[in-house]
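Questions regarding the structure given below will be posed in turn.
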Amino acid sequence: MTAKGDIRLDFERRNRMGLEEAILASGKSVAHLTAILDEAAAHGSRFLFTRLSPAQRSGLPKHHRNALNYEPLSRPAYFGKPDPFTTGPRVPLVAAGTSPVNVVREVTRTLHWYGEPTVEITDVGVAGIWRLLERVEDFRHMPVIIVVAGMDAALPTVIGGLVAGAVIGVPTSVGYGVAAGGHSALHSMLTSCAAGLTVTNIDNGFGAACAAMRILRSVPAA
Amino acid sequence: MTAKGDIRLDFERRNRMGLEEAILASGKSVAHLTAILDEAAAHGSRFLFTRLSPAQRSGLPKHHRNALNYEPLSRPAYFGKPDPFTTGPRVPLVAAGTSPVNVVREVTRTLHWYGEPTVEITDVGVAGIWRLLERVEDFRHMPVIIVVAGMDAALPTVIGGLVAGAVIGVPTSVGYGVAAGGHSALHSMLTSCAAGLTVTNIDNGFGAACAAMRILRSVPAA
Amino acid sequence: MTAKGDIRLDFERRNRMGLEEAILASGKSVAHLTAILDEAAAHGSRFLFTRLSPAQRSGLPKHHRNALNYEPLSRPAYFGKPDPFTTGPRVPLVAAGTSPVNVVREVTRTLHWYGEPTVEITDVGVAGIWRLLERVEDFRHMPVIIVVAGMDAALPTVIGGLVAGAVIGVPTSVGYGVAAGGHSALHSMLTSCAAGLTVTNIDNGFGAACAAMRILRSVPAA
Amino acid sequence: MTAKGDIRLDFERRNRMGLEEAILASGKSVAHLTAILDEAAAHGSRFLFTRLSPAQRSGLPKHHRNALNYEPLSRPAYFGKPDPFTTGPRVPLVAAGTSPVNVVREVTRTLHWYGEPTVEITDVGVAGIWRLLERVEDFRHMPVIIVVAGMDAALPTVIGGLVAGAVIGVPTSVGYGVAAGGHSALHSMLTSCAAGLTVTNIDNGFGAACAAMRILRSVPAA
Amino acid sequence: MTAKGDIRLDFERRNRMGLEEAILASGKSVAHLTAILDEAAAHGSRFLFTRLSPAQRSGLPKHHRNALNYEPLSRPAYFGKPDPFTTGPRVPLVAAGTSPVNVVREVTRTLHWYGEPTVEITDVGVAGIWRLLERVEDFRHMPVIIVVAGMDAALPTVIGGLVAGAVIGVPTSVGYGVAAGGHSALHSMLTSCAAGLTVTNIDNGFGAACAAMRILRSVPAA
Amino acid sequence: MTAKGDIRLDFERRNRMGLEEAILASGKSVAHLTAILDEAAAHGSRFLFTRLSPAQRSGLPKHHRNALNYEPLSRPAYFGKPDPFTTGPRVPLVAAGTSPVNVVREVTRTLHWYGEPTVEITDVGVAGIWRLLERVEDFRHMPVIIVVAGMDAALPTVIGGLVAGAVIGVPTSVGYGVAAGGHSALHSMLTSCAAGLTVTNIDNGFGAACAAMRILRSVPAA
Amino acid sequence: MTAKGDIRLDFERRNRMGLEEAILASGKSVAHLTAILDEAAAHGSRFLFTRLSPAQRSGLPKHHRNALNYEPLSRPAYFGKPDPFTTGPRVPLVAAGTSPVNVVREVTRTLHWYGEPTVEITDVGVAGIWRLLERVEDFRHMPVIIVVAGMDAALPTVIGGLVAGAVIGVPTSVGYGVAAGGHSALHSMLTSCAAGLTVTNIDNGFGAACAAMRILRSVPAA
Amino acid sequence: MTAKGDIRLDFERRNRMGLEEAILASGKSVAHLTAILDEAAAHGSRFLFTRLSPAQRSGLPKHHRNALNYEPLSRPAYFGKPDPFTTGPRVPLVAAGTSPVNVVREVTRTLHWYGEPTVEITDVGVAGIWRLLERVEDFRHMPVIIVVAGMDAALPTVIGGLVAGAVIGVPTSVGYGVAAGGHSALHSMLTSCAAGLTVTNIDNGFGAACAAMRILRSVPAA
């Protein structure tokens, strides 16, 4: 099943959609991942693995393992060079103090892969609202704001009422009791009183970064 | 089953717990409600019905119907006189603009029954955070704040970070999609990042008022 | 509670966020709605009601009722004139054949209120994939695509793989059995294999239109 | 409880239903599994274990362990010889790129046990719809198509609209957030817009293969 | 949205998939349904409406209303003539005594539309197992058995162990408490101990009939 | 918290309710368990631990560990002597082949502790209904039947229709997909078409045995 | 489907199981109910309808309607004479004040049908624990206690700790918020700290009565 | 992300709200925790970590590790000195025998941090109601009662009916089957028949202690 003949990478995707193939590594065998890397190497293509576990990475042949630019906490791996930055910052990442760093970093790493610089504004949970209010001018006029929040996920609602740009919420699975798994944060974001907020799956920092890239294609560089 | 012999009202409850019997009317037959009123009238006792529907009220004998002080939207009915106010306001009721008026009013009517005046601060949703910030000094130092909010229920978290008093959240069942039924608001409040918030059942304005009364018994009059 | 003094409309919102106040009508009393209309009329302000039921509308004073531009199926009501169109179409609305017309129309009516023309592409469910493939060139290069779909909600995934623009999914509550209420469609969209899709609450056509407006502010007119 | 007297294998099942006994190994003690193997060996019977864990297998007496034809990833174990192939391929297995290989392989191994050859068509997720369209002629006219898909599980809907044969969907438990556990994929398949799709339990590749065998009994060999 | 230009009926579907277009009526406006009927009449095409409510039917223009062969309990409507029967019975419908007649009849009406005769075997719930055992010889050797059952849905498991043919379970939404809505029946069928059972959405008699038709295309006439 | 003064064993329980204290061990620290054993030893009392994990047992002081009659799979531990058998068998335990042995054995061990002999009838799943029908005469006239079943849990419904005695269902958490955790089995039993079946919590073999003992106290010895 | 030939009443059930056939009326058409009554009348048999709605009853032919002994609140209908009482009371029914009378009465009516007298002890909720403690001696030694409770359903736990007999809990669907539908009461009963409590489906008073009858068959008359 | 510049501790919180900053440690990296400790040490500030795992603690630099007053079971860590006790006991902690000691201890440790002494009353589950009744006079007149209970969580309802003070329920996640995770206990408390009970998230002993402190600020010392 993981023989080379079965690998069907989509090398035309950048031309068609503007974003190269990215491959969800979780659930794939090391043999399958190796075949993908072989195929991409043969084509001289670059691509992004998401959610590559340290154990999966360790199992790869040494030359592939060394070729990957990997970050173990957030788990995206670059095969090939990321695009260079060609614009000033357009995407602030805002996170409450309780947000897990891995989700925030998955957003950052994905945006950097696609050549988009980022600004991180963390530890601004709404239980201490003045921390957010002190910082809001820094990003009020940016075109896309990504907000990472777990538990009650009140942060995107407050931000959505303060800024004009697109707001993308990433609910996280932190917490215990009814917060466990992230459904409370997801539902809080979906029912936000701030109009025009959109949401990704729980812990899907990669998806939020791609959504931002879809938007930024139509926006002039900063 | 609704014969007089079966009615077991708890006329000693005020002595024991400081709050008279309150009776959940929903699900009870008119015959049962009438027997309760007969019994209380015979004892010269007063009590509170909660969630008495207009249809139930219409079915009561005229002398009982006339004796009830009733409000059809929030549905508590007073049988007997409410306690007089003997203190200045100690319990602000804070509600977002999307909150249903019936829950807010159920809190107010219950507090008034027990002799506690109220202050209502409505339309202060966090998607327009300055509306809340303009008003917060009015209640920052009160001993108990009741916050009624539905959907993402971000309001109690913001308030919990601004005030020192006890904060009681009442999630409401307004909204559609994942908000329907009030579970998103309930879970948002239970997972609030503001420390020391407590919560009642969805739409339970009566319960929040009773919780406030339990606290206020130990607090000097204002 | 609905006395004029309690109405706190946000007439500065357009300056701050670029979108005027929109008010969720469901759950509000006719008295409350009337007070809001009085206040806006006194300020000479315009705004949008969402989810105003025919019964609520019928209860309004005649001069307010007549002043509203209302559509009973999707239920937004314009108080005041919508903004004029100043650009060619930038937002296609794509819907499967099973999608309820009310959600699609809520998107359209909201976009029109904010001066944004729309293109509707309906009856293109993926169970007959060629219907979609015939139409995709019409919208492949637009900056924002709104996709309305219920039940298995496979449509946004297919579209997300074909276009470069931002894709906003609106899950709908159509269907029976495990589709009832729209959670299957919501979860399908959140777990889409197409990278960078974002999602609104179930049946939230208004929210999707606002999200599109947030994006379009940064995009040159077509 | 696991003494020989308690084992009640159903050696007549092939005569009655056309499929020999298959035994779910998970949750059974090694002693119980051994007693089953002893009993079958004594009868000279063959059967299939499903979901036999590597740990369970390691605990078996050596002669039984050696007698089993085992595959550790998908976990079915053959005790005895599989039926020989007597027909050309009639059952394509179609899977999206994100599908876990273990479920696909459980289908294959079960069909092979019953003497049915298979055709695997993988990595054809609908986010890149042309990959599927290129391959569909290969299986458009086969009598039974098994589709393995997780997350949004859009694949069976698209296939169901392209082929005339029976389509059996196997939802998988891959993914995170609202995909975790496989309920989003299950619900997506149950609410498919393609008429006449049927579904098995999450990750139940064995069940899908048996369902195919039930159908193929009435179909002429290819 | 419902103007003729927007109707995209799939008149080629029979050639491609062997089943003509069937249209889910629920959620569609009368104007939309009328446009569909106009379009089909103009093409001289026949098709099936499912879940057409009596209210929707009453709103149709008289000539369309009269042209429909309608059954109000199960709600499919034939526009045009059903296919004639050209085979003896191949699909028994088995139902427990508690099953709602509307689901059973939806199966029957759909099969008849496609020219397939049916055999109904009802009131054979497993709490009186001998009722089923008396009847099982009547259908033991048929190629497809459709089993309609609600609540604990034990019937398909027992049947699955007695017959060799394909077994399609249709869970129903009858019952109260944890049975309400049909999830207990759905989950019971999905976890059936009888190997090779497949399942449709709750109350989806139409889907079960289509699944049977997909199978029967490959099976010789009886 | 686990000092001796805090242990409040209920040595009078047998006089009052007929069953000695049984103590749920899971979640308790070794120090707490030791204090309980010290207290009981000091009183010369006997009692039953349920769900004592092997790890907890290993941590106990040697003299307590040796004093316990322990079974690691089902995990009840006897401290003191079980009651002697004084009647013939009155409680058959019936289990499907997929049932985990630990739950069945927990029932047996608890009944034996209270001096009640048992009869085990296993591997009689309803997917092979004749296996059950062959055995049913053995227990048709017993006063209490305990049925242990997971997944679709069809077994208690069939038995409930065949016997006159009290039927107690114990749903088990075996299985995967929608069976995982045991809710499908629990709901199946609660919605059983067989009248008069009652149910315990998932995997609660101890509870079922106690329920049987409550019944048997009023029943003459066999 | 409702022709006489399809009715398969189980007139032997009393001989086999000791309880005559009882038929769940909800979801059945009036024609079907009439056919059942015709059949029973022709056999001179008696039986019990459960959950016969007033609307269903009104639709029956006059002679059947008059023959039924009906109670509209709890909805069981006797066709034929109930068994005479031949024992003193053995089954107390205990209910909290918030319990809906219809469930309690369904228990009573079903027990009376089978010739079993009852004792009702209502309005003894545990929020006023002394009310229960005053009454407990009245039923402490009875063989079966049925406890009807909704919301937090704490009553059966307290009773289970005070009595030696079998305790059957009937959760009810009263209440709002997280109580709505009865799942909180069901889960509370299933997780009761009182050992040996068993439970029926939500609102299933009929089932609890049948469970009691199964037990009482083995118990000497009082 | 965890560089010193990103740490935004709220050293003014005590002045504003009366409670110093407390920081949820779970999900934070050791580097982040170290930066927080560095920052607090630099300010000479004290604060509380909640849910600091033994593994996280082990990873800290030795001087910080030694500076922490840590309790591994309940996991709060004091950095700095707790406030001294300046009042007699005002907050009883009441827990059923099945409650996990870690939650009770988290309440105690948090109250002690804020200078509030506690009284623990454990092993008073309502299945042995007299144990509670013997102890209730000890705390009937205290201003705040914290009740920790899992599974059916009947304890707070009984206590709520016996005392006049504020009752805060902490549901716990102990138990198996439908108790697993604590939702049964949470829902039981939210639907309590005792008026005026409020609730925290599952296992949130820290939150209950903070809620008590919010109340006690307005209450005279004992």
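As written, the chains take the letters A, B, C, D, E, F, G and H, and residue 1 is the first residue of each chain.
Please note the rule applied: contacts are C-beta pairs under 8 Å (C-beta built on N, C-alpha and C of every residue); 3 or more make two chains touch, one makes a residue touch a chain.
If you're wondering where the values come from, they're calculated on a predicted model, not measured in any experiment.
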- Which number of steps is the smallest that gets you from chain A over to chain F via touching chains? 2
- Note on the structure: Sorted by label, the chains bordering both chain B and chain D are A, C
- What is the chain whose Cα centre is as far as it gets from that of chain A? G
- Query: Where the centres are mean C-alpha positions, what is the separation of chain D from chain E, in Å?
  - Reply: 26
- Item | Whole-Å gap separating chain A and chain G, where each centre is the average of the chain's CA atoms | 56
- Which whole number of Å gives the spacing of the CA centres of chain B and chain C? 35
- Task: Two or more other chains in contact with one residue: find those residues in chain D.
- Result: 97-98, 128, 161-162, 177-179, 183, 186, 190-191, 195, 201-202
- Message: Strictly by the criterion at the top, what is the full list of touching chain pairs?
- Response: A-B, A-C, A-D, A-H, B-C, B-G, B-H, C-D, C-E, D-E, D-F, E-F, E-G, F-G, F-H, G-H
- chain A to chain B touching residues, read off their complex: 96-98, 125-129, 133, 151-154, 157-158, 160-162, 175, 177-179, 183-195
- Item | Contact footprint of chain B on chain H as seen in their complex | 16-19, 22, 143, 161-168, 186, 190-191, 195-202, 206-215, 217-220
- Query: Okay, in this complex, where on chain A does chain H touch?
  - Reply: 73, 97-98, 100-101, 104-105, 120, 122-124, 128, 131, 174, 176-180
- chain H touches which residues of chain F in the complex? 1-2, 6-8, 10, 13, 23-24, 26-29, 32, 51, 171, 173, 181-183, 186, 201-204
